[in-house]
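As structure tokens, the structure follows; a few thoughts come after it.
Chain nomenclature is as follows: A, B, C and D, assigned in order of appearance, with residue numbering initiated at 1 for each chain independently.
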């Protein structure tokens, strides 16, 4: 199982999913219409490291975070 | 008479000179060998405004300042 | 040093602590950048969410960039609500020479704005509204939105 | 505001006074640049001469440039001796937005270094030696040296 967290303004509870890579995650999340815009403008971190492609294998216990557009300061 | 002041590290007392323009001042100061280097690297102000050429007429009571290389901060 | 505070920053106190902490470190230049909540669009204040694990790794990478130039950085940021004319952000650089400090503070603050995992909300009429229009997508965003 | 002090600056006090003076002026960005005397070449400290009439007109021109961008500046500098690890210079900009503040502090500090009528001396072995090699001729210098 991997855990998926939605950060900042994305109003969605964490998910526990049985997936092995980020492509599977994309397919699953794209079924949720409320996430559509967030998927196009959020960055993705695996175990707190931002990744730049979906070619990432996942293992049991991994944490995935969606980071929507930021504005610190 | 105009007054000529030497600022910062130029170790020279002020002069009171009877001149009518900066060209005359250049001729006079160039006779002082100790000033030779300062004349090449100092800026010139007339009544506290820096000037960019010698084509400046002087009148009685004007103040001329020589400003050697600076390093504030 | 990265410090997070609940609510507004005590700017004079933080600037003084940082200055005194490096008083004998032989840095010739100290440049803090202080961000303060402005009155605009009728807001009462701002509010911030921070995701600390990634903020810390982002900050650590900037510490290393600073070290390569013989410089150090410090940063403070608010969590939660910060009202009008209060300050929520200080970033600072200390370096031996001024050019490095002037260039570094600019790059550090700009990358903070573009990359640090902090989300801003307007406090207005008792609501907390995501400042979507002023927010920036982190580089590499959108990969989950591409059609599979 | 241009403030000249005999000897070292009380940096925390000045940064606090400036911050508090503009606390409700609705500036989003405050960037002070602090210059501190570094230990190098065996000096005991630095010493400064200032020619105030031209410093004031130079400063006034920068105040006007700042006003054109909706910003304000403040500056403090030491006269006379400032010892190792003490500070002699603070320049600051306040502006509504960060880009203007970041660009302005850089231009303001660099022009200060190139143009402000202040002369620096090393304090070393009880002597006060003009820091000739670190000094910059003001733009337009040398006109009196040209052969007539």
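The working rule: a residue touches a chain if its C-beta (ideal position, glycine included) is under 8 Å from a C-beta of that chain, and two chains touch if they have at least 3 such contacts.
What you are looking at is a predicted structure, and each value in this text was computed from that prediction instead of being measured.
J.: Note down the smallest number of touching-chain steps it takes to go from chain B to chain C.
T.: The fewest touching-chain steps linking chain B to chain C number 2.
J.: Look at all chain centres (mean of CA atoms) and spot the one farthest from the centre of chain C.
T.: Most remote chain from chain C, centroid-wise, comes out as B.
J.: Express in whole angstrom the distance between the two chain centres, defined as the mean CA positions of chain B and chain D.
T.: Going by mean C-alpha positions, chain B sits 24 Å from chain D.
J.: Report the inter-chain centroid distance for chain A and chain B in whole angstrom, where each centroid is the mean of the CA atoms.
T.: 71
J.: Hey, what residues on chain D touch two or more of the other chains?
T.: 35, 98, 109, 113
J.: Using the touch rule from the top of the page, what residues of chain A touch 2 or more other chains?
T.: 73
J.: Following the definition at the start, I'd like every touching pair of chains, please.
T.: Touching chain pairs, listed by label, are A-C, B-D, C-D.
J.: Which bits of chain B are touching chain D when the two form their complex?
T.: Within the complex, chain B contacts chain D at residues 7-9, 22-23, 25-27, 29-30, 36, 39-45, 48-54, 65-73.
J.: Which residues of chain D touch chain B once you look at their complex with the stated criterion?
T.: Of all residues in chain D, those touching chain B are 35, 48-51, 53-54, 57, 77, 88-89, 109, 112-121, 130-132, 134-148.
J.: Under the stated contact criterion, what part of chain D meets chain C in this complex?
T.: 11-12, 15-16, 19-20, 23-24, 26-39, 85, 96, 98, 101-102, 105-106, 109-110, 113
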